[in-house]
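Structures incoming, each one as structure tokens.
Two complexes are shown next, each including chain A; its partner changes from chain B in the first to chain C in the second.
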Partner chain A sequence: MTLKSLDDLRRLREEVQKEIETRQGAEVQIIVGMGTCGIAAGAREVMTAILEELARRNIKATVLQTGCIGMCEKEPLVDVVRPGEKRITYGHVTPRDVPRIIGEHVVNGRIVEDLVVGRAN
Partner chain B sequence: MEELALHILDLVQNALAAGATEVVIEIKEDTAGDRLVITITDNGCGMDQEFVRRVLDPFTTTRTTRRVGLGLSLLAMAARQAGGDLQVASEKGKGTTVTATFRLQHWDRPPLGDVPATLVTVLAGAPKLDLTYRHTVDGRTFTFRAWEVQRELGGVPINDPKVLTFLKRYLEEELTSLHGGGGDDAEKLR
Partner chain C sequence: MNLFRAHVLVCGGTGCTSGGSPEIRARLEKELAAKGLDKEVKVVTTGCHGLCEMGPLVIVYPEGTMYTHVTPDDVPDIVNEHLYKGRIVQRLLYKEPLTEEKVPHYGDLPFYQKQKRVVLQNCGYINPERIEEYIARGGYSALAKVLGEMTPEEVIAEVKKSGLRGRGGAGFPTGLKWEFCRKAPGEPKYVVCNGDEGDPGAFMDRSVMEGDPHRVLEGMIIGAYAIGASEGYIYVRAEYPLAVKRLRIATKQAEELGLLGDNILGSGFSFRIHIKEGAGAFVCGEETALMASIMGQRGMPRPRPPFPANQGLWDKPTNINNVETWANIPDIILKGGDWFASMGTEKSKGTKVFALTGKVRNTGLVEVPMGITLREIIFDIGGGIPNGKKFKAVQIGGPSGGCLPESQLDLPVDYESLTGAGAIMGSGGLVVMDEDTCIVDVARFFLNFTRSESCGKCTPCREGIKRMLEILDRIAAGKGKMEDLDLLERTALVVKQSALCGLGQTAPNPILSTLRYFRDEYVTHIQDKRCPAGVCAALLVYRIKPELCRGCTACTRVCPVGAISGTRKEVHFIDPDKCIKCGACMERCPFGAIVRG
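And now, the complex of A and B:
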């Protein structure tokens, strides 16, 4: 890495370190399907959009990946699990849907009904 | 898949499923020799020779839920359609190396695509992975080693969204300058 990038990285480390120290309680989990089917349907762009939205709005959530779960025709699939609530699966997710899923569901707990393709009990 | 970077992401997911802790992605572009070579090496569980022989058959998979595995065969097809080929070398217990070659200027060669997004997505899912990315364009090389960043970050995980967003911008800048710094138009022609 160039010196300038290293400086920027160190500054970012301090910032994120402070945020981690003040964080409390269980975090929301966001899980993106990243099997061959998910990747071919656009899951990488959805993942990138999720990371950018979380970084931009300073929202703490755990982003995970999973392989093919057998609903290939509904990929890209994104699961949101809020602590103590049931898992909601969104299907055919595009980067344009990401601000809604994060703003409505991850932050405020309101499920984005028109994108739901599954609910686990 | 429309980008070679998506195939790379798919193959690294295979490596992770094989338990790899180290992955090396190497891209070599050689304009004079009209060749593009992508090599992905991992230290996962590897495959026995019998499995390697069958591995490009789409009806070969380690999956137990169904009987089709498309990832490698899709990349093999893309390589052959662009005047190249795909080779798999593997040893049980040691790891696997996949090498895909293309004619660089071939009409049907898919574009390289968004490599930074692929690398960041890999690290989002595997923050502890010892990932090396080496990209050579006509003798000029850029190398990214995840451990250098992981070491610098100390206790801060590399898959924090702010860190990954920063890394994506950094990689985008480095790759643009590797390709001659021509901005968006030059990138599209790749």
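And now, the complex of A and C:
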């Protein structure tokens, strides 16, 4: 590929921005519980579903993991933190719930009430 | 495209590479694949992070967790604990030397807090072998701005406004140099990047070329546009194989994208870059010698004028700048000359990269705003002197620079103030010395270096340095006379004033500065025949304290020359005529009965 104009360079920049996005950190954070309890309950599959959904919809978010937080019976647990808003914890999350959590909460800021198991500041 | 939720950055600087980072990378890829994480975790090799002392370094994003002294065997923990379960591997975190506190975040390290990273902003953050990562960080936008909306004169005006001065040592205003070359008659014109970096202990330019080569290329392309040059050379020493390799990859990628070559970005401006490997002579860093070397001649300097701006490569107008000078250009264009001039002191603007080495806790690469004090660099960023020793001196500016004592540590880093103190800014070498360093020995070390690196063309340098070194050798051997100090000083001044090029003109600086600040130590060597730091072998005497000696014979057995006499349960004796002062006996003695003085 050859860049023939300044616009070509600008387009390429937008395109390759993704390559380093993970290093810059996004505003929205999605945190998956990856303690032994979480993994046993299927947290890995949930994590994979989250990554696929984010990639498919081209959404910027930082995906983090955390260890056991003591709510083992509600695993897999997924937290969503939007800047300036409460940290919402979803419980018993399955890969099927992921598109809703992302579509509703991550993108539009509408909490998926039926899955919520905790809220914190 | 896959979404990689985590990036694992493995330092691929020269230090960490020799510390085993390629094996770490290979192991990471293997373990990630075994855990099925290879589609969501990306491994990236970067340039130097600067904290070489703690290498090999691995940094995990998005958290920015830094792991130090990583070995391939640590990789399973990083993968299984951190990347699989999200648990930080505590044992690999950086520990504050004084408080033993663990610092998980890269950015929270005191080492980075007083730094201001402009030139090094991408080093250790991007993969230097992928032009896309440089572009993603805003790379080549300065070039686009220049080609799209600025005339060459406007570019030069901006660089002048920034107050940028050459980072290769002499500190000549860069914008002015460009203007001379632009106005000089003759075609074609050339731009050259000086990546010779021959100072012992210096690795600033190497790290920039290895860690962010496109920044150097972008600076050169912008400079070539401003000056009206069509060809460029990067002169880099062959002892920097990684820098050579990354520069070659970078120029090739830039050519493929049309950022180098004909009609760059459709602007009508054409420019090419050639990479020239030097054989690694200190004098080849001098600009006229460097040009001779590029043209296939022996690397010897010639008198100036004519200056390269008028008569350079193949007698055509040529502009030479140092690697770091070029690397400053993109941000000056993007953020403006005023932004750059807002950092630093009245006459020294922007930042400076230093290679911090010697007796300091955090050896490595640091970039600081001009005007910061030497004390802040050595103690706040460098973490001070290890092993409870006392600071003695800092050599700034390499073999052309000077040796400054504690009393000068509050000097701001600024071209004029350092020159006033008898040192120079130089290209950025900072060698810290503790109380175990002998000042006469330091002067000898640098003179020995300049003597062997002198090209021999002019008499003052060829003969003068040799004579001065002979005097220093005499003093170190306990055969010095007080008159030697005057002779040394006089010779130093003559060489300084009469040598042909900067090598000879600055070679006496280590002598002059040590005579200025540490004269007493020379006198002790001459009059008392004593080396207070216990370094000059000829002046050392090893002695056994009879009251502490138990007659265990350990020392007699370890002495390689049989200089120690005495049988069991008898006080031993060291024959000073036979002793070769290796110190083996002192190390071996379990009772501390052997002293050196």
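What we mean here is this: the second predicted complex is superposed on the first by the 96 of 121 C-alpha atoms of A that agree within 3 Å, B and C clash if a C-alpha of one lies under 4 Å from a C-alpha of the other, contacts with A are read in each partner's own complex, and residues count from 1 in each chain.
In this text, a residue touches a chain if its C-beta (ideal position, glycine included) is under 8 Å from a C-beta of that chain, and two chains touch if they have at least 3 such contacts.
These figures come from a predicted structure and were not determined experimentally.
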item: Partner chain in contact with A:25 - chain B first, chain C second, else both or neither; value: second
item: Which of chain B and chain C A:109 touches, first, second, both or neither; value: neither
item: Touched partner set for A:35, first chain B, second chain C, both or neither; value: both
item: Contacts of A:70 with chain B and chain C, given as first, second, both or neither; value: first
item: First, second, both or neither for A:3, with chain B first and chain C second; value: second
item: Contacts of A:16 with chain B and chain C, given as first, second, both or neither; value: both
item: Which superposed partner A:45 touches (first chain B, second chain C, both, neither); value: first
item: Residues of chain A contacting chain B in one complex and chain C in the other; value: 1, 5-6, 8-10, 12-13, 16-17, 20, 34-35, 39, 47-48, 51-52, 54-55, 63-65, 67
item: Residues of chain A defined as touching chain B within the complex; value: 1, 5-6, 8-10, 12-13, 15-17, 20, 34-36, 39-40, 44-45, 47-48, 50-52, 54-55, 63-65, 67-68, 70
item: Complex interface listing, chain A residues touching chain C; value: 1-6, 8-10, 12-13, 16-20, 22-23, 25-26, 32, 34-35, 39, 47-48, 51-52, 54-55, 62-67
item: Chain A contact footprint on chain C (complex, rising order); value: 1-7, 9, 40, 42, 61-64, 84-87, 125-126, 130, 132-133, 135-138, 140-141, 144, 147-148, 256-259, 265-266
item: Touching residues (chain side chain B, partner chain A) in the complex; value: 1, 6, 9-10, 13, 17, 63, 65-66, 69-71, 74, 114, 117-118, 120-121, 124-125, 148-149, 152-156, 159-166, 168, 170
